Amino acid sequence: MAEAIQIQKASAPAIPLTQRLPQTKGWKELVRDIWDDNPTFRMILAMCPTMGATNMAINGMAQGLATLIATVASSATVAALRTIIPAEVRLPAYMIIIAFWVTIVDIFLRAYLPPLSAALGPYVPLIITNCFVLGRAEAFASQNSPGLSALDALGVGLGFTMSLTLLGIVRELLGFGSLFGIQIFSGWTPWVIMIIPAGAFLLVGLYVGIVKHFSPGGQIGGGA
Amino acid sequence: MDIFLIVLGAILTNNILLTTFLGICPFIGVSGEYASASGMGMAVIFVLTMTLPANWLIKHFILDPLGVSYLSLIVYIVTIAFLVQVVEMFMKRFLPALYSSLGIFLPLITVNCAILGGVLFAIATWNLGFMESVAYGFGGGVGWALAIILMAAIRERLRFAPIPEGLKGPGIALIIAGLMAMSFVGFSGMINIRDFGG
Amino acid sequence: MAVLGSLKTFKGGHYFGLFEGTPRGQRLKVAPLPHRVIIPLRQGFSAEVAPIVQEGDRVKAGQVIGRNQPDPKKPSTPVHASISGRVTKIERRSHPLGGETLCVIIESDGKDEWEMLHRPANYEKLSPEEIGKILYEAGVTSGGQAGFPTIYHSAFATPDKIRYLIINAIETEPFCEATDQLMYEEFDKFVNGIKILRQALGNVQVHIGLGYNRPRIYEELIERLEYYDWCTIHQLRPKYPQGDDAVLIRTLLGVLLPQRGYATDVGCVVQDVQQCVAAYEAVVEGKPFVERVVSVAGSAVKEPGNYRVRVGTPIGHLLESNLKCTGRIVMGSVLHGQAQGDLDAPITKEIPAVIALREAERELFPIAGLGFDRDSFTGVYLSVPWVRSKRATTSLNGNPRPCVRCGYCIDVCPQNLVPALLGEYSANGLLSEAQELDLFACIECGLCAYVCPSKIPLLEQIREGKRKILQESA
Amino acid sequence: MLKDKLYTFFEKVHHDLQARRAEGLAVLWEGIKDSVFGGSEKAARQAPYIRDAIGMQRYMGSPLIACIPLALASIYFYGWRSLAIIVLTYLVGMAVEFTFCAIRRHEITEGLLVTCMLYALSLPPTLPLWMVAVGIAFAIGIKELFGGSGYNIFNPAISGRAFLLLAFPSAMTTFWYVPFNPLTDGLGGFLHWSPQAVKGVDAIAKATPLGAFNSPDIANPDLLTLLTGFGRADVLGATSAILVLLGGLYLLHTRVIDWRVSIVMIVSAGLTSQFLSFINPAKFPDGLYAVLSGGLLFAAFLNATDPVTSPMTVRGRWIFGIMLGVLTVLGRGLTGYAEWVTFAILIGNMFTPLIDRFTIPKSFSAPAIQKR
């Protein structure tokens, strides 16, 4: 965890893509978080839901959005409470805050979208241990205003949602021949391997390689 | 016999890492060197074997009777963090040799999803009994440790391999994990831990 | 005397086929006297001695031309002129076994006058010290590339620590036939040389390692040494590198040599046939060690043969009229020796053979060949025992490729190492890990690189690794 | 001399390609030159100055020689379609490998030829051709992602096959032809495209030996059928056990494969199955049947012995062989998959670096002594 946070801090400066875009602080944070610090493909964080919840595009998207909401909410909360929480107990406190928000999201999903909740299984509660949620809280929200923190978390969450949806699309397309549940190829021979864990590992590995190949630089990390 | 089957199943058919994707981040991050990988593996075995029964007890004797199971996530994570702290302090005090080899990995484990994930799968999803939970905790830890140790040995052998630049490090590790998962598919259907749940 | 019935051998190794241009069974011929000899003032790894002649001096064969004060820390022996004539030059040249050294160049006067050592009446009455002194004065150095002085004032062989004298009478290097021939032709000198060396070491136990493909010598040795209980004759499989000190001692005595150590560290002195003969000639005939036997061999040589050659003879003198095509000249061993570009490089006391190999030749689709004349550790070619000469060129016989971990190098390694890993680690700078895998147990026999189907220069990588480690620790 | 002229030509074109910065093409051209001259023109620049006659071409050529009878037999048994599978495999495999070599500028290695042959021979004769192409593309692609021959942790042919097994399980495991039988069909497959084309849908009614064993209502083929392959439905290369054995013995003779992997694997599988058949004859066949069915012989001689993916130490090879044999039999009996040889080899490959790590032999030397 400590490692992951350091990596995130270290990777912040000198990103060319950010300089070609509008230069407001919030916007910069957002873009950096979506692309250059993309939690899955560049930071290699939060791998469990990345693979566990992406066998269908809709699952990937739902998992991504759930994570996004939890991240934004907890980052904003942490930022709001940053002056109150004593430094010594900040990590446990952050975890409790995150666990609280994740519980809310989980209960919400169970109440209003039960099939989706069943499909995602324990991967929604597992958002608690997605290191980048805690990472954003520790690295950014603990030093910034709630608004900026929410924007920062939104960036990360969008990047995460994007990656998961992308993975889900490919896996569903090859695995079922459909997209968001709609059959695209008729008479498609399903590639079963894309639905089982092995396919997830291989695909994420390839994605990581491709992303790193086409935009080298930045920090590829991998911590807890 | 059931206990033995659960341990075996947790290692082979329901490998916590290769079939349920738990604990991949440290699996990728710490598998670069054999020594640290085996240290991390041992630490996970240790913590998982302890936290699973502890959380089982909390669920069945505190949360369920009080009817506050909606708080379970928060309680689990706090318990895990607390237990890891206790283990760390205990080790530092009484087992300094073990502490020096595992100590640096212990704080990392709190946010290792293998721990919380193991708890959620065993207690919430499959609803295992107490002894079964202990067995699953131990077996899951062993399965995770086995995977990371294999991965470390493989990556040590690939030290000088001309892997494409983009895949070096995490990329190739994920692909290796994919092939490992492919070979573990062979075990599927042998034992299913779900069958032992209530 | 104890005779051991069973054949002894060691793990690994390789039986080489009979290569094209091997002078097997050819009688020793006396090489014509060279017009000029170049005599290095250093033997192998021992210390360089100071010249005691000057340019223009006249010398006789066997006359001392360089010596140091005896110093146990820097072992050396006197160096003798090997022909009679005039010293024309004293200059630094490269030593055929590596490095630079001072050399004395003598122009022959064609007379071949000798200056002998003082000759005692009966060697059997001499004390070890006296024999040692004679051997020292005669410049008898041990064989092998180390080239240490045999006994006297050597820091590596103090007689009281020595328990065994080991006679290396098995020649397993490809192309090296001269010492075997010497054993046949000078059998008396050989046997008496063993006795003299034993006496000089204080009557230690003697173990003779002999190839089992030499049954005649074996029977003669038994006949001659039957009544001595200090002597054991071992019949060994003629597998390369049985003649290496570490392998020979392990096979005969079951003792492991320490890493970076020598035979003397485990109480052994290993001597070759040539040294036994030289010891006899020095002590009984008073002849300094200025002439040795050398095989002139290889696929580029017209008439391979075994010669008695004066030390310091330039290899060009032996080869120039004898080459049938251009080739690569290797001194000593084709497996671990040095290629020599300079035809002026002199024969030294340590060099048993001069080998000229044909250069690699282009072949169309060599993969399609049946390969009756190919030597291989594997059975992929139909190389058969009745083909009497195997092809010997410098060709790699394949393309360099990444290691496929076939394990052949492990199979052949006589030291039970993992050469593929040693090479990989050495080449990639993981020196401490290479050392953990006992890099220094490697005896540099070269077999790993010989058998490697991926044509990885393992020997060179391992040597480089050792060199780097020694540099770092120095 | 023809060969000298040819060599100069090769050198000239290579030089031209490099001058035009077409380095990818230059790499391919170099590969063609290497296959013509076999490295015979390259000289040893360092000791040892003479080298063993075996090079990678001949080393990798030996399994191919062992496979030629199997390939011919597969054409006989299953018609020209099996040749189409083999040729397609080579075309796609080479295309993928050449692309990688040209992009990554590393030499083309001979392992490709073996991989393609072993992969093609381990496929069922009914497999759609596009699946053949996908599988071999995966196999070679994964190998190249690891850095090419010599660095691949997993046997490429087996990983390609495993990919197909997991991606298209029904195509890989349900449809089997009855092969042409020399006793009744004369020239058999040499005259036909596939058994189905002659015998109609009935041809797809046969179970493989393992399939027959696993389903109680199909009679097990007898020993002679298993050995000769006459009337035995199986994958292309493993139909006739005798031919596989012949190839295996040839490879053992050449030392290209190690008996410590192949024979040990076969024997341990046989013993394990024999022993377990006493306990549960419904799930475990007797030893001989276990060895002769399910492609075990083929895999033991040709796949498991792949040097890159099996341990390099002697003790390691023992462990590897025993592990594979036991795993195969246990897996077949305890899980639903008949294809356990494939999984066992993948698992063995996975363990190889670890086994190698712990089986480094102890050198024949005493520790260094302190010098004065």
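Which chain is which? They are A, B, C and D, in the order written, and residues in each are numbered from 1.
Operating definition for what follows: a contact is a pair of C-beta atoms (placed from the backbone, for glycine too) under 8 Å apart; a residue touches a chain by one contact, two chains touch by 3 or more.
If you're wondering where the values come from, they're calculated on a predicted model, not measured in any experiment.
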| item | value |
| --- | --- |
| Most distant chain from subunit D by Cα centroid | C |
| Chain nearest the overall Cα centroid | D |
| Whole-Å gap between the CA centroids of subunit A and subunit D | 41 |
| Mean-CA-position distance for subunit D and subunit C (Å) | 45 |
| Cα-centroid distance, subunit B relative to subunit C, in whole angstrom | 60 |
| Whole-Å separation of chain centres (CA-atom averages), subunit A against subunit C | 69 |
| In subunit D, residues with contacts to at least two other chains | 145, 147-148, 151, 163, 166 |
| Touching two or more other chains - residue numbers and ranges from subunit C | none |
| Touching two or more other chains - residues of subunit A | 193, 196, 198-199, 209 |
| Subunit D-touching residues of subunit C, taken from the complex the two chains share | 11, 19, 174, 246, 250, 256-261, 265-266, 328, 330, 333-339, 357, 359-367, 371, 374-381, 383, 391-408, 410-411, 414-418, 420-421, 437-438, 440-441, 446-447, 449-455, 457, 459-460 |
| List of subunit D residues in touch with subunit B within their complex | 104, 106, 142, 145-148, 151, 153-154, 159, 162-163, 166, 331, 334-337, 339-340, 342-344, 346-347, 349-351, 353-354, 356-357 |
| Touch list for subunit B against partner subunit A, complex | 18-26, 28-29, 70-71, 73-74, 77-78, 81, 107-113, 115-117, 120-121, 124-125, 164-167, 169-175, 177-182, 185 |
| Of all residues in subunit D, those that touch subunit A in their complex | 145, 163, 166-169, 171 |
| Interface residues, subunit A side, partner subunit D - complex | 189, 191-194, 196, 198-199, 209 |
